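Below are structures written as structure tokens.
Shared between the two complexes below is chain A, which pairs with chain B and chain C, respectively.
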Partner chain A sequence: MKETPLSNCEKAFVVQAIKERLRLDGRKLEEFRPLKINFGAEWGSAHVTLGETRVLAQVSCELGQPKATRPNEGLLYINVELSPMAALHFEAGRNSELTVQINRILERTFKDSRCVDLESLCVSAEDKVWILRVDLNVLNHEGNIIDCASVAALCALAHFKHPDVTVTGEEIKIHTSAEKDPIPIVLHHYPVCVSYATFQNGEVAIADPTVIEERSSEANMVFGINSYRELCCLNLGGTTLTSSNLLLQCSSRAANRAKQVVDQIKAALATDAEARSADQSVGFTECLKMNTINSLAQDRLSLRLRRFNFTLDDDFRNMSSNSAGAPDIKAEGDDSLPDATRIDENTGLLNSNQSNVRWVPEDSSDSDEDEHIFEKGDESGGADSDDKDLEEELENVAEEMAYKRQSQPISKGGSQQPVKRNIDNSSDSEEETTMVLG
Partner chain B sequence: MSAVLVPGEAVSEIEEVAKTKKVVLGPGLRRTNDSVLACKAGVLCKKAPNMFWIDSYQRRYVPVRGECVLGVVTQKAGDIFRVDIGAHEQACLSYLAFEGATKKNRPDIQLGDLLYARLVVASRDLEPELVCVNSHGKKEKLGVLNDGFVFNCSINLVRKILNKNCPLLQALQREMPFEVAVGMNGRIWIKAKTMRETIAVGNAILATEFVSNDDIRKLCENIGNILFT
Partner chain C sequence: MGSDTGDDAYSDIHLRALNCEVNPLTRSDGSAMLTQGETAVIASVYGPVEVKTQNLQIENATLDVCYRPKTGLPTITDRSRENVIKRICETAILTALHPRTSIVVVIQELENRSGLEACAVNAVCLALLNGGIAMKFTVAGVHSILKENDEIVLDPDSKESINALAHFTFVFDSLQRNVVAVNTQGKFNMAQYNDALTICRAASGKIFEFYREIISKRPV
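Then we have the complex of A and B:
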């Protein structure tokens, strides 16, 4: 089935709205949709939603022959599936251009950046190594598959444990989880992808584009970036070139975002590990019971005003503002909601584990300021203050860029910048932000 | 009168009525021999004395003759335009089906244009056919829609806002001036003075879906308050 055509007026409207610094779903230009992470009962299965886009990831492993060139390293395969379930125009079992592109970006982010310690997957050199396979199934496509898929892949890899083996002479025995505890995979660093779509001849970039924004944009940028602000992959696609200045600004914001996302992933992993150690039942069925996974859980208004909070968003916003200590913004007449929407509110409320963390544009690199920005993001509304915010933001970023350019040389122009990390000193130190460009 | 039916279920209630008088079966109901079966999941509705149909939640459009729909021109093929109306098949629209169009004087229509048109042929075996004129050759409100924004919604929402008892459009026009074209195929085109107002209208319409008639007024007031504060 063909993709629904985009009419001229939709396209023109999106472009014009971006020009006026408005987005159809009421986000700021720099705002991301809420990210939700759930883990399955199996090791290495993760379900990630970014707004309405959702991806299911499952890692599996088997013993196999290593490559002749690298006899003591395991193998990692990443496989993205776009089925008609995600969107009607995707064909099943056929490798579309988009599939290949997403696959390649993810491979660059995870394989080429050497984030997985493949040497630890070696059982006996030249003979048997663990072959990891990450299967990513896109369950719903509402734009920005790549970000969602990268988070899902990272969650699944970080969650996965492969069985222990003992080698006695020629014989290899694989232990069940009852005999010996399975072994987690060693990750040197946590890379995620952060996408932007550019408008106005590459002058404006918006974060986390939805389908309609993706389709009416001129170009898109994908940054594969890890929590230490190191660039693993950069993909520029589309028709227009972007300015080096914008690229630098976006990379800096992407780095902040990556850090937030990785923190969220780590928190989700910790919660899951805690639940498992406390012998609570975990898994997707449990999530369904708890209402943390639901179909089209977020409010489904594709068009909304920034401060629209008549229905679902109400409790959501109150919760996040309470946690940040900001004053409540209450709409008139919110007491008179019918029961039907109350239920929805509850589901929104139960999601709160992660999803009430609203990503607001963060333009400073130190996380100490988080709370301050949180408040700012919560209180501000309306077009006027948005503009002001943005100006401030841009100024901050400009300052920051000037500072960062001294410490962080990012060369522009190239379409791909693989980063070779020195694995020996891949310690956890935050300060280590130097980059070696390949 | 609110039995919930699933596809394949026999509706004995209608069969009872059918014993004494003729009945009219609407969408979602089907007669096989002497029994009436539901072919959609939904709520059984009745209009006295003898009309029955099933009200179901649906997003897929099935063309019906005489309905007005919004479509996007996808192809210009000789004498006809192909228009995507969200149905199983693309609809066709003759270039002569516009007001004042002749063989010499073709309407100016580009690929990707949004059209408001009426279905004149909607049979399950034939390609749906559209016209942009009424039977007197006048265009009325039909034709190309410029600017504004179009979005998709469920068929139920379209029916709800077109219902005479629905206060949405009245309540909303009290807040701001706007234009709207509602296609029965689950697409709504809106245009207001500014981008922000257009988004506000769209927001109000989409939020209406699960709100009762009484609350629609409050919803619109709320939208108005947000817009002007």
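Then we have the complex of A and C:
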């Protein structure tokens, strides 16, 4: 299955929004998505989420022969897998261009910067060394896999412990964790990747791009940087950068970010160690929200416009009448409902036209009634309805609908409640949420 | 014990704690993350989607199941798990509803602390429910072991299952509680097998109950 192509208008929209210093998910240009780290029950297993991007990392080890050129050093392999779970267009077990690119960037960040002390992994020179393997499985691709994967790899490496061994002559005995405590890996420094996407001929860089931003950007910059502000790897993909200023600016911001991330990793490691020493249960059970079904909740929406103040003056009405479909409906619904508060049952939003619109927890008390009216209204004839008042109102609905079809934008005439409710409900929840301003 | 799910058998059944998050992933059509005790699996479902020409079936949807181990490349064991789950899905899903399409199921192992196959089957079932794939029935996988003292232990944790003589994984349907799939490992006799079957069949009710409880929840 091929990747869905990015349409020109989507791309133009993102580019235009960036020009106006706006991002689809409501972040600031240099803002990152929240990072969450969980450790599994086994040593060296970590689950990292960056926004909605998820990566699972697992470090494993085995004894093997060292390279002839470096006989007293262990080996480190990094392997990134993009399975169809991350996105449908990835094929299992086949290396795509993206896989190779991510793999190379991570190898440069972790291997070439020599952050892992490979010499301590030597058991007997020229004969047996520990071979470490970091497996990174991308579970969900919502942009910026590289940052998420680098954090996951670092967490897993910092968490991992390899079994202790005793060498007696030719014989090597590997101890189980019950016999001898396993040994943690020595890390000289903690590098992470921080990526930016550039727009407007390399003038603007946005941090932590999402999928759509990655795809509509001109170039991608990835900094592999450690907490001492040392650059380990720099990757530029796409068109060439023209301003060195931007690069310097970004690298200094990336260094600050790296420091924050490493602090967060260390804090997560400390919490995990504490839980283990206190004999509490550790594992992935912690990282799921207990027994829930996720839907289009507030923090999951890909589109959020934060900058607008939702005031119902003429500006807003003009703006909404220029765009089609759902915006019209929304604007109409809002301004023809005098100082009322509506609760949208699909999204759990409370829209009030008195002041700024805010997100509030869902109140389901009204929703049943709303739905009822909506269902009746949808038949638009409503002939089988027993309720006479309702029937009258339904006729109004039909008229209103017919009028709406003829002329856009719609009149804001003081019509009845069911009309607005009907219109509100008829717009798809997903579209609706794109218009909600937080 | 009787052959069907008697109430007396039902009361003293102890499965490890079941916890799940439905739809944790945003890209797939349906997904579920399930933990049974410390064993954890994440499953995602796409479908019906475009099918590769070489896999196209004129009368049915093609099932594409992919099992991802936590480390390394998929081994033979992993491929056999993949195959078992594929057969189970073929039985449960109404593939005739979507001819010339494909339904993609991906399973990622998160933690293996015994009973992985059963956990994977249950996670896939929840993901299919979440993805809105039409099914003939739901399925529930239950794992049990035979211990040295001839005792059957239901859904053991990793410590208990170290010295097991035999492992049984049964998969039941939700209609008649018939066996959809069996996977056994080790040495046992027919009586022991029947004991394990009876216990697991009774336990499957708890899992179906869990499905119902989860799916009837309001999305957050």
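By our rule, the second predicted complex is superposed on the first by the 291 of 438 C-alpha atoms of A that agree within 3 Å, B and C clash if a C-alpha of one lies under 4 Å from a C-alpha of the other, contacts with A are read in each partner's own complex, and residues count from 1 in each chain.
Simple rule for what comes next: a residue touches a chain if its C-beta (ideal position, glycine included) is under 8 Å from a C-beta of that chain, and two chains touch if they have at least 3 such contacts.
Being a predicted model, the structure only gives us computed values, none of them experimental.
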Requested in this report: Classify the contacts of A:68 with the two partner chains as first (chain B alone), second (chain C alone), both, or neither.
Outcome: neither
Requested in this report: Mind working out whether A:141 is in touch with chain B, chain C, both or neither, as first, second, both or neither?
Outcome: second
Query - chain B versus chain C as contact partner of A:178, first or second or both or neither - result: neither
Report task. Once the structures are superposed on A, label A:20 by its partner contacts, choosing first (chain B), second (chain C), both or neither. Result -> first
Query raised in the report: Touch check for A:54: first (chain B), second (chain C), both, or neither?
Result: second
Report task. With the two complexes superposed on chain A, say which partner A:133 touches: chain B (first), chain C (second), both, or neither. Result -> second
Report task. Answer with first, second, both or neither: which of chain B and chain C does A:7 touch in the superposed model? Result -> first
Query raised in the report: What residues on chain A does chain C touch that chain B touches too?
Result: 300, 302
Query raised in the report: Inside the complex, what are the residues of chain B that reach chain A?
Result: 72, 74, 84, 86, 110, 112-114, 145-152, 189, 195-196, 198-200, 202-203, 206-207, 210-212, 215, 218-219, 221-223, 225-227, 229
Report summary line: The answer for chain A against chain C in the complex is residues 1, 40-42, 45, 47, 52, 54, 56, 58, 60, 81, 83-88, 92-93, 133, 135, 137, 139-142, 281, 283-285, 288-295, 297, 300, 302
Query raised in the report: In their complex, what parts of chain A are in touch with chain B?
Result: 4-13, 16-17, 20, 22, 24, 26, 300-305, 307-308, 310-311, 331-333, 336-338, 340-341, 344, 382-383
Report task. In the complex, go through chain C and note every residue touching chain A. Result -> 17, 19-28, 33, 35, 38, 40, 42, 44, 46, 49-50, 52, 66, 68, 70-74, 104, 106, 108, 110-111, 113, 130, 213-215, 217-220
